[in-house]
Amino acid sequence: MKIKQRAALFIILVQLLLAASAAAQVRHEINFPDVLGYKTLKCDFHMHTVFSDGTVWPTVRVDEAWREGLDAISITDHIEYQPHKQDVPPNFARSYEIALPGAKEMNILLIKAAEITRETPPGHFNVLFLQDIDPLNTEDLIDATKAAAAQKGFIFWNHPGWKPEHRGWFDIHTQLYENKLMHGIEVTNGESYYPEAHQWALEKNLTMLGNSDIHQPALESETSADNHRTMTLVFVRERNADALKEALFEGRTAIWFKNQLIGKGKYLEALFKESVRIGKPHHRTKDAVWVTLTNASAVGIEMERVGTQGPEKLTLPPNATSLLKTARAEGTEEIKLSYVVRNFLIAPDKGLPVDLTIDLR
Amino acid sequence: MKIKQRAALFIILVQLLLAASAAAQVRHEINFPDVLGYKTLKCDFHMHTVFSDGTVWPTVRVDEAWREGLDAISITDHIEYQPHKQDVPPNFARSYEIALPGAKEMNILLIKAAEITRETPPGHFNVLFLQDIDPLNTEDLIDATKAAAAQKGFIFWNHPGWKPEHRGWFDIHTQLYENKLMHGIEVTNGESYYPEAHQWALEKNLTMLGNSDIHQPALESETSADNHRTMTLVFVRERNADALKEALFEGRTAIWFKNQLIGKGKYLEALFKESVRIGKPHHRTKDAVWVTLTNASAVGIEMERVGTQGPEKLTLPPNATSLLKTARAEGTEEIKLSYVVRNFLIAPDKGLPVDLTIDLR
Amino acid sequence: MKIKQRAALFIILVQLLLAASAAAQVRHEINFPDVLGYKTLKCDFHMHTVFSDGTVWPTVRVDEAWREGLDAISITDHIEYQPHKQDVPPNFARSYEIALPGAKEMNILLIKAAEITRETPPGHFNVLFLQDIDPLNTEDLIDATKAAAAQKGFIFWNHPGWKPEHRGWFDIHTQLYENKLMHGIEVTNGESYYPEAHQWALEKNLTMLGNSDIHQPALESETSADNHRTMTLVFVRERNADALKEALFEGRTAIWFKNQLIGKGKYLEALFKESVRIGKPHHRTKDAVWVTLTNASAVGIEMERVGTQGPEKLTLPPNATSLLKTARAEGTEEIKLSYVVRNFLIAPDKGLPVDLTIDLR
Amino acid sequence: MKIKQRAALFIILVQLLLAASAAAQVRHEINFPDVLGYKTLKCDFHMHTVFSDGTVWPTVRVDEAWREGLDAISITDHIEYQPHKQDVPPNFARSYEIALPGAKEMNILLIKAAEITRETPPGHFNVLFLQDIDPLNTEDLIDATKAAAAQKGFIFWNHPGWKPEHRGWFDIHTQLYENKLMHGIEVTNGESYYPEAHQWALEKNLTMLGNSDIHQPALESETSADNHRTMTLVFVRERNADALKEALFEGRTAIWFKNQLIGKGKYLEALFKESVRIGKPHHRTKDAVWVTLTNASAVGIEMERVGTQGPEKLTLPPNATSLLKTARAEGTEEIKLSYVVRNFLIAPDKGLPVDLTIDLR
């Protein structure tokens, strides 16, 4: 019997074995509420595999996304930086192709993508929603982004504060921005947050993104407030790639980064309102009232009082219920407590103001 | 300044300090669905304090209940067994009285109760919904239970298999049962399960209970499938003491014990149906189909195939989503997979049969 | 059969049951090295029970100490503040008496103690190593501390920064100090650190203590760097009460507080040297060398470079090995890396300077 | 500027970035005592990468070994089974070559190896300590193992019970065994234990091995008794590849599998004796004595009484201290408690008998 025939035989058996273990994987959903009539998708649009400088086979990225509760991912292998090319000959289409069958089986939206890689400045740029990556493999950055735009790709600037000594908004960025060759910007990447990118995003109406840029295997198998990958929440009309693309171009995003939410005020406010449920007062005395505050989201909420009433600090751990005792004056029908949510950033260093209204009627 | 005056001053200050730390406690709800039009309350009707042979002040039992996600508890200090009486003079009313203010603040239903304590046989009996415990402090067991019944108390037999050498259903139990002086029975207590009690409950239509019988402080601050107190789920019309009493007398309960559910088939079936959500098939090939199974309950579900199709074993971890791939024949509109849920016990050693129906249309 | 006889019978049985569960408790030792020829004991000298304003029976404090890896504890129930006295008539000797048998069984050094409780200022004072607490129950603070000193008690000032509006070193403290009626001071208490107390301890050579002041049951069953009770490390000649007393009077202590060590430089330096093992270089290239750094202690060590070589920050997690790569020049026989240990405080805001010496020969 | 030049520039920068994160990895040592004058190495001799059917780059296997506390590993990519060959052209030398630099930096012994892959029977065989894998790529199994033996490779039979319908010891295995072309056997592989292989190993004096056979990234970053990879303990004269090879040929191994130890009685007995420290009795009454039992190893020890004294079951959790109370007769100088360690298997279904001796003098 020939080696090939022998191999064919146990390919089947080995694959059965792998399928069994893959099926055993469990997914823990990440709780973020739908807002403003949109579904909230949990997304990571920046990650690598052995097809550039990552250390995992593309299927691993889908397995991780399933386990960690993500809805959509894109594998963004570097086009120009191929340190494994001696062993893995460059083929820009392959990481997507290899990951796709598992993505379908696990209902993960897999977006075909690539990373255009230049020194800083101008730096690195991801392009999502590509049909063909090859045309982007060209020397001039403007040419590459034009090739991306020709495919209606969504282009964003990666880790814009990566190299402190070279960081900044340069002419090339203005050129890209004015020619609609840059639609979004990473305000956070992995463990880093870039306040200046946050400011640029607000001023220039660039879509805010936060991604993991993961190269190694993910060490955690479950998402928690204390230990979660940096991700982008995208508010979509439907759970499909077209709606995702529309939402990205329209800037309907927020970022979950080290248990902070970063985004436009209207989205953070909606996330807060849909996440925090204020119970009916279940106990009252002559001068105090007790209510429960349930935080149904995955983010721990940290508030500081800005009004005159309520505890100075109020922490609502994720997926948990907290007890609030507050004073009441005789005859009050409603208590309004004014806070700022310190870890919901509507601008650099600026938390989201909220009111907690307790109905005593 | 006198000691008393001095003391009065910092009573206030110390209490403020304690209040602050109590308020910081977080509650993690235990996910069990409401069923058959009833609300599902998580209850523990058997626990002790320093007022009998426990080692905590009564307020601790309320704090624990809040943190662990319980809805209703009763403190059941022994009437006749008072090992701390040298230091804590017997006073049957006190554990309830001391625990009550915190229970109101934390919205825990606190049911006034006591444990009638005799050698085995006949053993120990809890009585719930008492107004006055003192009349139960009488030598004859029948008299004590009659005094309980006169207050419309709900009476159940505790840990009926506690002492293997003396276990069994004796004449005294028949006498209690026939005179409606015993309405329920602990099928599980702490770490123990009593199959014979399970059988008696089914045959005699006794309400099934499972309780912690906790004496020490609770070590865990959060409930999980791997590590949870033994508790009784009660299916009530409303979340109040009257409705709870009605449900107990009518036998609307199930038990959560070491990640097994124990109860009448109709309740376990309803819990299963409301807990497990079968997704729409999100991917199909010519001969296979993929769906998600989401278990929205706190219990890990362990199934074994009894039909011809589907994986031999199917485990649905709590609060998680699992992936199911199953074969499909051409033209099938619906796939029905037949399983038995091994850890949903409708009788000793008898799991709940269920069908998983996948709609392919 | 009479109630008393009946009770006697199952006292035995219930106690057997309790013994079984107590025996099942596991102890995780806290790793701190012995230093300078002394044994290092892990101690907590401030805690409460139902005999003052705590919420646990005294035995619980011993069980907790065993599980969490403590060597010595003292129960310091308030003398003057007895909020449970309606239910638990004051008896200053009882918390010690009740806790003692278990302490002997579990080999926990139990030090008889009490808390003298006055408004702030002067505040609260613990006294350790008492024979009889009753003589301390007197109106005048000086009288009470003299009664304590007459028994050769070790007296320390509790949470000296407790009430910010009244904090400070007052004449009464000078009077106590100069009359040798105050030997030590809590630099930390529970979640609080008092920099001014830290400074006073250094200036006046008061023994530094850090204690839990726990009132509720301990929620954690195992000690970790991330989650540990505030405790005092005492450096003793032998593991017994006399040696402990000697060490306290001689100021041989350090404090473990929120994963910081606080104490005199010589003790912190010795703890560092005995905790951190620098491996032999296991790999070297022309210009770099690799060594392992093993931190055998329970404290996570956080260092910042003050020299010119080595990584800017160096973190050595507890009970773990870290990898260090550092540059080497041709012909070097020894590399010395200079750091300051940020979380080993030898004075307020002043970390411990250390050298890491790598032997290349 | 050309792409190549550009790439060269940020290769350096990207690598710096990766180096930083790699250095941040922490290693938790696995506690197993040295025995009988040998060092105890924690080893895994069976794992895969993208160079056969695994899903990680070879460096990942070294990172995992470091983090999980392993001392020695071998990457055993299939020679004949290369499902990724379209993207990763077969090159048997590469997984070792790529993993080697990191192994040196992290002080992991990396053993060059390969998996000879045939249908079952005869099945799969790993060869360790190879210089050149290419000569093993030959059709006839005997030829391949002879090529391995010519390089003084250590050859063992993998997962001998893998396919239940084809399992068994066939003529081919006798032929390999008698010609010294098979030196060891996997008694456990991943999640599976093969009692018949255990029996064969004992009867034929084959070296017992237990390995992970890991294909996916390791999900856990720290080893615990509850969650550890299947591994082989090897008892070596020195920590180097030659001594490891000698030990394997001489059969000096034990297996840690799902918190059971499997091996020859003399090694398991020595591991027990060096792991369990019996304290001096710290408390005694007229008829009882209390001692601590400290288990300094990573394996949880589960014992059942076979003598007449001591508790029926005795569990010693890993890296923890347990309390033992036992009866003593007046005048006894020594208490001997006889147990069998249920999870130390010296043969299929046969635990290790041990005596616990408590010295009362």
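We call the chains A, B, C and D, going by the order they appear; numbering starts again at 1 in every chain.
Basically, a residue touches a chain if its C-beta (ideal position, glycine included) is under 8 Å from a C-beta of that chain, and two chains touch if they have at least 3 such contacts.
Just so we're clear, the structure is a prediction, and the values are computed from it rather than from any experiment.
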| item | value |
| --- | --- |
| Touching chain A and also chain D, the following chains | none |
| Chain B and chain D: spacing of chain centres that average the CA atoms, whole Å | 43 |
| Interchain centroid distance [CA atoms averaged], chain C/chain D, Å | 40 |
| Overlap residues in chain C, where contacts from two or more other chains coincide | none |
| Interchain pairs in contact, sorted by label | A-B, A-D, B-C, C-D |
| Complex contacts: residues of chain D adjacent to chain C | 19, 23-29, 66, 104-107, 282-283, 290, 292, 294, 311, 315, 317, 319-325 |
| In the complex, chain A residues that touch chain D | 2-3, 6-7, 9-11, 13-14, 18, 21, 50-51, 53-57, 59-60, 63, 80-84, 87-89, 91, 94, 98, 117-120, 139, 163, 215-219, 221 |
